[in-house]
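Here is the structure we will look at.
For reference, chains read A, B, C and D in written order, and residue numbers begin at 1 within each chain.
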Amino acid sequence: MRLVKYYPLIPVYLGYLVLFLIGKTLPGMWQLMAMLSFYCAVGQAFNIFLGMTGYVDFGYVAFMALGTYGMALSIAHLYQIEWLGIGIIVIGFVLAILMSGLLSVAVGAVALRLRGAYFAIATIGVNEGFRYLIEGAKLWGGSEGIIFSKQLTEAFGRGVANKLSTFWADVFVLFIAAIAALVTLCFIRGKIGYALTALREDEEAAKVMGINVTKYKIIAFITSASFAGLIGATAWALKLTHVFPPEVFEISYTVECIIIVLLGGAGTLLGPIVGGLIYGLSKYWLTVIVPGFQLLIFAPIIILIIVAFPEGVVGMFKRRVRGTSLEKFVI
Amino acid sequence: MKGRLLVSVFLMLGLIGWGGMVYAGAPAKVIIGHPACLSGKYAKAGEQALGGIKACVKWVNEVYGGVKIGGKRVPLEYKYYDCESKKEVVTSLIERLITVDKVNVVFAPYSSGLTLSGAPVAEKYGMLYMDHGGASDRIFQQGFKYIVQTIGPGTRYHVGTLDMIHKVDPKAKRVALAYEDSEFARMVMRGAEEHAKKLGFKIVFKRTYPKGVTDLTPLLSDLKAAKPDFILGGGHFEDGQLFNRQMADLDINVKALSLIAAATLPAFYEALGNLAEGVMGPSHWEYGVKYSPEAARKEGLKWIGPTQDEFVKLFKEALGKDIMPDYHAAEAGAQVLAYVLAVEEANSIDPTKVRAALDKLKFMSFYGGWDVDETGKQVGHSMVDMQWQGGKRVIVWPPEAATGKLYYPMPTFAEKAKGKVAVPK
Amino acid sequence: MTLLKLERITKRFGGLIAVNEFDLEIREGESIGIVGPNGSGKTTLYNVISGVYTPEEGRVFFEGQEITFLPPYRRAHLGLGRTFQISRPFGSATVRENVAVGALFGTLHGRIGVDEALEMADRYIELVGLSELKDKVAGSLTPVEKKLMEVARALAMRPKLLLMDEAMAGMHPKDIDRLVGLLKEIKEEEKIAIVAMVEHIMRAVVGFAERVVVMHFGRKLVDAPTAEALKDPKVVEVYLGRPLEEG
Amino acid sequence: MIWNQLAGNLTQGLILGGVYGMATMGLSLIFGVLRVVNVGHGAFIMVGAFAALWLFTALGITPIVAIPIALIIGIALGFVFFYLVMKKLVGAPELTSLLATFAMGILLEEVVKLIFGTEYRGYNWDVGRVDLSVTVLPWAKIYAFLGSVAIAVLLYLWFNKTRAGTAVRSVVEDSEGARVCGVNVGWVYALSFAIGIGLTVASGVLLTMFIPVGINPYMGGPYTLKAFVIAVLGGLASPYGAFFGGLIFGLIENGSYTLFALLPGAEPFALTRFLSFVILLVILLIKPTGLLGAK
């Protein structure tokens, strides 16, 4: 009985396993798999907040950006300290979580009092404001950002450094996605899941039912933000070994996350991976088949999906399998 | 139901697997791979690069007769995808090019950021990675083994301009620097600042403006108050137009104005009309440069490639549009030629050998000189300064490349409004 | 002893006064019917009690402790449960989950896990007779089913005081009698005070309320044992708009 | 010296602010009525800019004349998008409506890109300029400002003097109430969306009168962000609020530059941007109904 709870993870982890294996075995598929797992991971992370609370954080990418800076700063400043060794990566991750976590606490404490559109706009403000602060106050290299391939190479040697950026970074992303999935499940199954569903559906009623909505919103927000930070630290810092403000505070990434979550089915466990795969693959194939026109094709598709299946692929699938043997695998 | 799930998983497998097979290049060719920026924020420059590369590939195959390896002429093939100007896409496309399409060299996408994003993957596969769109000097301080630059480093953009003004008007001492707040433009600004100090100029104004700015009025009024003799600035395309336009609106008159990137494009004059008269811009290449086989012989350099008129013709054919190539096209094209020469030099397509050959390579083409230092940074290519004179782009510096005299000082906006053009008599 | 005490509560919206210097005392285990025409301020009163609104004047006490400025969720923890005039189910969740929310965050919050909560939910669902619907999505229920579900959800909170807002509106007389009977049972078993607010289903009031409070333009018109309250001419006037004898 | 500069910047800011305000009224109207934030706002401005460009360069129609034309184009566009997309999304969770409007934006950008390419364009409509000692103003800018004011006034009259306008207002107040009072809410939604888009497209023309260069399919982004800040300043749901919000925003953006310029080692321009978003947050937290908002 206890274990049945965790069955829904099986299809998710199967998906990630398949990604990993394809990447390892098929030639030239690794980076594609990396891209897909990146999309799945951000979807999984964002879903924890967006999907479960229904609050749209348009500035979500700011957390990824801060994570990126966390890792970048650690590597760029600590690379000469021999005895730290791989420790600088660990410190990087810690910094990433700290920075994105702290920002989320700050934003959450103030902005989460706002509803709907007001919240969305406020978060855009946070993202843009932060970027201009970095550029205007010349924080962390200002608009020139940080390039640290050199430091990475000097710290670990060419081979290891390259392996870090072209292999381990991607593995980490998969790993983070897996953890995020686990957390999502615990949330869905746990008390907090009930609270979040309630407040997503009707915040007033939820309060009267005895739910401390602010508390649960903040928890979801911080969790989601910290995962975002980790993803930034790996997929953007470790993998690309440089960071320029305009590239990481790029709102279109938030939009991609939203598309993924919505495509798969907001608030579901399986949604993000399904959405991520569909989004990533179709995008990739469009770039390969019709270079330059993918957005033109993509936009109407998105609109169509929103209008036709607002509950997303998994959402529909869920209804289909209710009462069948598959039910316990799908949430 | 379970069945359906499995099916879809296999379907996905198949889909990806198919990707593994399709587009595999034939071995009897030399293939250039390129994650081009055809959409997204760099679409403009991306299109130019695409045309330039296609033009020179065509020239190599049809005029030059293919690449000479082991006494055999091998055709050149160009394989490109659209990277949407996005970093995630760049890495996966580069790997695809290397492993699936089995390309022999990868041309970097536009901008320093995207170039850096792809570098680790290229390095991993020991693949030659040629940079025609990332001007940052910092790329070459990272100790990458396989990156070679064709575009000139950012710090040199305004050096020539300063030399020129230093020479033609020793009295003009007050210089104002106003660049975009971006990695690249700051690089240019740093170079300009250092050189200006060296030449004894007085920097009376030094500010940046953020990317995507829609109104420069405050900065420009500030600048106006500093009463500079001439202004160096710019960053990208739209801000350059804005810069010039709002100088006119605020009636800021200086002896010379030089803007990076924007000023050299035909669109600049189309957008501004004769407000652009006398405005200058540093450029890696301009139509009309005097680089020719003769010039090459004079400097004792090897010459290869189309003449600039041939290039322009090929470029227009390649894009199927009647637009002039700008330096983004020229440098990308020249990079093709550099690669071809290096391959023939090394008599092999092995990246390491070719990289070594590129290290020694020194040649001239319609694009001008080409030579890199041991880090792979471009040092052999000197930039030119162009000026809008009567709606035409005239190269006014350096003297050896000049196609006309400098018009100095630039007419005031009041004069321009009366239709005055900056054509020297 | 007194469970809830309202002291001269006044709630205004801009110009108009919804609740006007309202006093009320509710003893443990009491069942009260609050009667009044639409717009007489009943729902506002409920919102003041459950903490959705804070009154401009007056104070609210629960078990002797002042709760005038306590946020709604804290009041729920203390033992205030309610249903809504227009039912507000958590649409995407199943009936079972809906009711479980009540159990999880009601007076038992923190002392009960998800599994127990679900078991509890099943009990109350059975009580209101929705067992065969318990795995349906709440959004898909009929209005009456929704109301029943809300009652179950509120009961699952194990409240000391249950506020029901038009819980019986639109119900078939049979259902009303069933619900009334049910409430009586629960009241006996769990010693909860129940305040049912109704517009004009006298059947419910008579059948169940020991005491009737009549509201009129935000003021308390009558507060008396059911039998005499219903005879009170003032009530009759407010209620039927004209004296009985004419009818 | 510095005071002259400040005065100059503020004058410029006021003029610019008027246009910004006008460019935000559409956003506010749509939000006020449909409770939907049009994230694709900038794309519609871009359409207006291209309309002005094309009408001027191809047909020699001056921007002033182009304004009503753009308005009509916009209204048509608005109706199309409403009945194709928005109709189904009224009252849907933010998630979907935000994404939908964003997708609309992308669609427009890509279509325009297909037609006009990615070249940065511009036109040159020179009607001279006036020199007010502290700064210089081209007449085109002044016309743009006056045009904005005129449109704001017209909208005000439409709102308060016509039946349709009153209906729209009643829906903004309380759509349920309006429904009860027999207002055809569905039609009001369609109408307001169309007019909102119309205003936005028209504002694109005004913006090119202000800055007739850098016209490009992707030019909308910065304007969307500005519009958000301005709309919030004005209370998000009120078109005139937005207009005055614009004035204030223009003054702040340009005025603060002069002050930030006094800070050593900082980049005043980036900081003005930073400031505007700080203001956004502060207002959202202290008075979400906006500086001039009621309640």
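Note that a residue touches a chain if its C-beta (ideal position, glycine included) is under 8 Å from a C-beta of that chain, and two chains touch if they have at least 3 such contacts.
Note that this is a predicted model, so its numbers are computed, not measured.
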Chain closest to the middle [Cα centroid of all protein chains]: A
Approximate Å spacing (C-alpha centroids) for the pair chain A, chain B: 35
Rounded Å distance, chain B centre to chain C centre (Cα mean): 74
Chain centre separation (chain A, chain C; CA means) in Å: 43
Chain C, residues touching no fewer than two other chains: none
Per-residue overlap in chain B, given as positions that touch at least 2 other chains: 39, 43, 181, 208, 210
Sites on chain D at which at least two other chains make contact: 113, 267-270, 273
Chain-to-chain touches, reported pairwise for every pair that qualifies: A-B, A-C, A-D, B-D
Residue ranges of chain A in contact with chain C within the complex: 189-191, 194-195, 197-198, 200-202, 204-213, 267, 322
Sites on chain A touched by chain D in the complex: 50, 54, 56, 58, 110-111, 113-114, 116-118, 120-122, 124-126, 128-129, 132-133, 135-138, 142-143, 255, 258-259, 262, 266, 293, 295-296, 298-300, 302-303, 306-307, 310
Interface residues, chain D side, partner chain B - complex: 1, 5, 8-9, 12, 16, 113, 118-124, 126, 128-129, 131, 135-138, 141, 210-216, 218-219, 221-223, 226, 253-254, 257-258, 261, 267-270, 272-273
Interface residues, chain B side, partner chain D - complex: 39, 41, 43-44, 47, 181, 207-210, 212-215, 217-219, 221-222, 225, 237-239, 241-242, 244-246, 248-251, 262, 265, 267, 270-273, 275, 417
Complex interface listing, chain B residues touching chain A: 1-2, 5, 9, 12-13, 15-17, 19-20, 23, 36, 38-39, 43, 80-84, 87-89, 91-96, 98-100, 113, 116-117, 119-121, 123-124, 138-139, 141-145, 181-183, 186-187, 208, 210-211
